[in-house]
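As written, the chain order gives the labels A, B, C, D and E, with residue 1 at the start of each chain.
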Amino acid sequence: MSGDYAALDFDVSVEREEFRLDVCDQARPGEVLGVLGPNGAGKTTLLRALAGLQPLRRGRIELDGMVLTDVAAGIQIPPERRELGVVFQNYRLFPHLSLLDNVGFGLRSRGISRSESRLEAANWLRRLDLAEYSERRPGRLSGGQAQRVALARALACRPRALLLDEPLAALDARTRLSVRAELVRQLRAFPAPALLITHDPLEAMVLTDRLLVLESGRVVQTGTPAEIARRPATNYIARLVGLNLYRGRLERGAVRLAGGGALVAAAGHELASGANCLVAVRPSAITLHTERPAASSARNLWSGTVRGLEPLLDRIRVEVAGEPGALVDITAAAAAELQLSDGTPVWLSAKATDIDAYPEP
Amino acid sequence: ATGAAGSTSAATAVTGTITVFAAASLTGTFTELGTQFQNAHPGTTVKFNFGGSSALAEQINSGAPGDVFASAAPKNMTTVTAKNGTSAQPVNFATNKLEVAVPPANPGKVSSLSDLAKSGVKVALCQAQVPCGAAALTVLQKNNLAVTPVTEEPDVKSVLTKVQLGEVDAGVVYVTDVKAAAAKVTGVEIPDAQNTISQYPIAPLTESKNATTAKAFVDFVTSAGGQAILHAAGFGKP
Amino acid sequence: MPLLALLIRAPWSALGSLLGQRTVVTALRLSVECASAATVISIVLGVPLAWVLARVRFPGLRLARAVITVPLVLPPVVGGVALLMAAGRNGVVGQHLDSWFGITLPFTTAGVVVAETFVSMPFLIVSVEGALRSSDLGLEEAAATLGAGRWTVFRRVTVPLVLPSIGAGAVLCWARALGEFGATITFAGNYPGTTQTMPLAIYNAFQTDPDAAIALSLVLLLVAVTLLVALRDNWLRAGSPT
Amino acid sequence: MPLLALLIRAPWSALGSLLGQRTVVTALRLSVECASAATVISIVLGVPLAWVLARVRFPGLRLARAVITVPLVLPPVVGGVALLMAAGRNGVVGQHLDSWFGITLPFTTAGVVVAETFVSMPFLIVSVEGALRSSDLGLEEAAATLGAGRWTVFRRVTVPLVLPSIGAGAVLCWARALGEFGATITFAGNYPGTTQTMPLAIYNAFQTDPDAAIALSLVLLLVAVTLLVALRDNWLRAGSPT
Amino acid sequence: MSGDYAALDFDVSVEREEFRLDVCDQARPGEVLGVLGPNGAGKTTLLRALAGLQPLRRGRIELDGMVLTDVAAGIQIPPERRELGVVFQNYRLFPHLSLLDNVGFGLRSRGISRSESRLEAANWLRRLDLAEYSERRPGRLSGGQAQRVALARALACRPRALLLDEPLAALDARTRLSVRAELVRQLRAFPAPALLITHDPLEAMVLTDRLLVLESGRVVQTGTPAEIARRPATNYIARLVGLNLYRGRLERGAVRLAGGGALVAAAGHELASGANCLVAVRPSAITLHTERPAASSARNLWSGTVRGLEPLLDRIRVEVAGEPGALVDITAAAAAELQLSDGTPVWLSAKATDIDAYPEP
């Protein structure tokens, strides 16, 4: 295939006791396909299936014109001959080998001489800023360093696709920021398809080109991270990206919500009257009032009761019960001024232009 | 006879190394015999493979390399000759007889063979399957004694050890064992009339790669010099 | 406590002269050499066998594991007889060894090593299998994704990770081989210089002079304890994560 | 392989009649009972001892550990003599046992159990100590913060966590006790019905009829393998995390 | 004592190889004292010292008038008699016991009968919504469930103080939200002092009453979470809470920054001229322009170069090099309009009222 890379196509079905996974998608060369989902959704199972570590019930995996798995045809290339780079969730560095030998492991396994492997491994360690630790064992590394070593180890073999399982999950909040930036650079430079598992929407936003949202083993939404953050298809995603999400039906210009109440959205062109739809509202797009506002340009106005206050870093998130209920973000100053507390009756208003109604996917 | 044997063997050179399979009860005596033989025939080395007679017979029949077999009982020798393991007829080279061994303090107050049948006297015998056990049974039956031992040991030395340590009040062993143990045990003789005589046969082995020296060793054991050493250890004449 | 009794009753005065005897020194050297050889063979054969027991799923696994443990149960003398039947001159395998390759095992130093290996290998296998069962499969998977085949994974990941257990198993194995008596005397005989190891020399001594036998036992113990203290400590240190 | 030879050459026809013999059945029952008793005693004494070796830091730890391994190296007969010197009628401790409590161990079934325990306990200790060393200290700390004292922690957390290893160690221990010959015959003697275990019966038979001895060995093996397969499997299943 | 609770006073010094910890503080009854710090700061070491699991080099720990540790006096009460509730970072549930027995463990250890312990444990499991799993082993729990069991286990003994080591770290982003809410309720109801370790500022914000920031074994700042989020003392905290932080000196009404440049802050009353001070600026308080703005009410205006763009959930974070350099948050719409990319020269402006200058603590 002379240096250029091809897509990773997969159509995978796994059955494990009470759990069943069904995913079919494609990661194109240079693309980072994100897999987002809650604990137990099957993210790791998908990665293991692609890596050849998990037998399939049914399905087919193809990379670069080469069939890796084809259950129907009885093909199952073993992991060691798939030429994939895998970064595991807890890195799985070899505790008994120096960093140099960890990174050189794949090259040695492919029959490259010891000296050449070490040279190449040293190059990768230098590239990832780890040269000074070459002779150290992984046991004494910080999380961020371990993550970089795992990445170097996977990349050193020049894999035909990269699979990463929550590469930042083991890091603390601050290290995560800098390692994320590093990972962005490495992934941009990586020419082959990559698959990145995460359960952090921000991480998905920054690191991936396209997202596949998995819940209980099924794909519930795909799209670019921005699309998904703007128009989530499920409550799980909506909570994750911090939006209020309602399910409803378009009736005479307004969306009648399944949970009670109605909202008017400006952008509803794609929707036919009577269609089922979803409505997303940013918590900061809702304004709170302690008295009914007399005249307001806001097309949506309804009442509710404060149920809880939660301080965030630079604002306060207010939980309001009503029709519909909503999370509302206000500044600390506004909260103090309004003297909100549990049980305070309030009015909520939102501009139609800040409300997005879209078809259920 | 010894002199004649010595002169003939000189012609075909009594030299080199031989290995003698000898019953465990011969350990001390045969080590001494070996040294004497080497002195008498410079250039020879005698090595020993000591073990229970039955185990040695089993080894020989399994192809263990050796030149001479000295057994503590004719039965084990027969096992070997039956498989064509010996190159000459076995000859008896010594006899042994039983004796009662008691600890120096004699806690069981044993003064004769019949005391073994007293209740409360702890007795150790060899198990019936080994030569000394069979002999002990013969003796006890011969004297109409009903003895219930506390243990049936696999060999004579085990019986002797238990006597030495005072774990039992008496044990039936060979005369030679009591003699070898010197002050550590006291012997209570069994009169010849009540006793039984065990024969010790010896024979060169078919396997032998040094038949001349093997034969010379057998001859040496049956010679006057060899008999003297055996006699000193308490063995009787064949 | 029994060891203490042994120490109390030991004929310390006799020790010096005993140690001077050539046969004792020879037996001691032979013991250490044969036990070490048996340990090396046990490692070479036992570690892969342990791996098979721990990792490969096959019918009869339970039976295979039980059979491996059998030499533990077998009275050593019976073990020796079994060996003779297998590898003796007229044995099931032995007759071919003899006629095809001209190799005879019984009553040679090699035979001692075989007997000791037969009796002591299970110790190594049991230790290593346990360690393999509890070792991290994740690292082996990681190695596979890096292109390492089964054998490379075994050699470069699996074995290094269970090295402390292999060490501990080897110590058990070595200790057992050093004390081996029954199988050795039956299969290899009791020839000074070639097959007479310390336990057999002790047996011999016991026939004429029990005190000397006890003194010899103490010598054996001393050597064993010294080596064990030295080795185990090194192994444990190498293996411990701190 | 030697086992196979044993099977091939076995006098199968004789087996039936042998098994009918009362002495054989008695010896077999005695063997199983004594080995089981020795195992229970080893667990009761050995597990706390293993804990001390694994958890308590004290000077002489290395030596203590080596001494524990000693009965592995000791030729069993010497072990038996050592026991006699300690617990025999005139032994260092034995004479007091006798005069104060009227207990005599040699030539009794209790003596068999003592001899077997002496020889086989190290196996249990070594297994359990290894497991304790690699077990999670964090859980013991957690138990302590919940108000559990040392003993409660040991009983309710430490021991349950290493149960699979105690099981494996107990199997080794039991197997070794079942095959024990030298120490038993030396310390406890050989009397049918009270101290003649299977290995001693096999040895007896060996003197007159090697074929019968082999048949008896097979019986012992069969019992051992059957029990091992049944037990180990249960233990392993209980212990494995899957 | 009779049912009312007293403070946990500690003055702790630990030395471990190359690491040294020195902390002295107090957690009052009902107060949740947060300990915030990066990996390896010594947070867990502090908790272990309080729990009696880590020997001190020097120091004294007192709870409820009872001395738990006093190195000088040779007092060291063992962990099992401290009556503290500890929730470990990875929970450390007993894998061989059912949930009921896990929760009942502490009661049993204190000599309460089996049946009574089980009754009480069942109560706690019910309270934490785990009743249906009582007979299950911990191996088969989700992270959130395990966390609740660990909490129940610690609370069931009615401890005189509660110590929690990163109680939410092992959870995924979404579970963390709901478990956090639950934890807030439990901590509010807990009458004794509590100490909570975290490296997540948002968590600290929501869960704790007062914060102690630890870096490399030393306390670098204490205060309420809001204070610390508004006026961080170190770069570590500033990055964590997402502020631009500069060090400088007040000179003639403006703060001359150590890294170059100057900023005018409206609120600088507490500061004397010539004093060393810190300046914090929110990324959203800075405006970006591609041309020099003609007339602007903003008192701070300076130039720079775009060095990187990072999409966040609802905005874009722009890294700008300049004097001073800054992180600037703009909306996706603004980014598109300004056509920013790496290397674009820009102007930055900020109102003096949005800039906070305060003394170095």
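In this section, a contact is a pair of C-beta atoms (placed from the backbone, for glycine too) under 8 Å apart; a residue touches a chain by one contact, two chains touch by 3 or more.
It should be emphasised that the depicted structure is a prediction, and the values quoted were computed from it without experimental measurement.
Student: Under the document's definition of touching, what chains do chain D and chain E have as common neighbours?
Tutor: none
Student: Hey, what chains does chain C share as contacts with chain D?
Tutor: Correct list: B.
Student: For this structure, which two chains share the highest number of contact pairs?
Tutor: C-D
Student: Indicate the whole-number Å distance between the mean C-alpha point of chain A and the mean C-alpha point of chain C.
Tutor: Centre separation, chain A to chain C: 56 Å.
Student: Round to the nearest whole Å and give the separation of the Cα centres of chain B and chain C.
Tutor: 34
Student: What's the distance between the Cα centroids of chain B and chain D, rounded to whole Å?
Tutor: 36
Student: Please work out the Cα centroid separation of chain A and chain B, and write it as a whole number of Å.
Tutor: A distance of 88 Å separates the two centres.
Student: Enumerate the residues of chain A that touch no fewer than two other chains.
Tutor: Within chain A, no residue touches at least two other chains.
Student: Enumerate the residues of chain C that touch no fewer than two other chains.
Tutor: 81, 206, 210
Student: At least two other chains touched by the same residue of chain B: list those residues.
Tutor: In chain B, 58, 161 touch at least two other chains.
Student: Who touches whom among the chains?
Tutor: A-C, A-E, B-C, B-D, C-D, D-E
Student: Hey, which residues of chain C end up touching chain A in the complex?
Tutor: Its residues touching chain A are 136, 138-139, 141-149, 152, 156-157, 160-161, 163, 241.
Student: Which bits of chain B are touching chain D when the two form their complex?
Tutor: Per the stated touch rule, the residues are 52, 54, 58, 122, 124, 127, 129-130, 149-154, 158, 161-162, 165-167.
Student: Which of the residues in chain D end up touching chain C in this complex?
Tutor: 1-6, 8-9, 62-63, 65-67, 69-70, 72-79, 81-83, 85-87, 91-93, 118, 123, 126-127, 130, 133-134, 165, 168, 171-172, 175-176, 178-179, 181-182, 198-199, 202-203, 206, 210, 213-214, 217, 220-221, 224-225, 228-229, 232-233, 240
Student: State the interface residues of chain E toward chain A in the complex, per the touch definition above.
Tutor: Interface residues on chain E, with respect to chain A: 38-40, 142-143, 171-175, 177, 199-202, 205-206, 225-226, 229, 236, 239-242, 282, 284, 308, 310-314, 332.
Student: Where on chain B does chain C make contact in their complex?
Tutor: For this pair, the touching residues of chain B are 19, 24-25, 27-28, 31, 47-51, 55, 58-59, 62-65, 157, 161, 164, 180.
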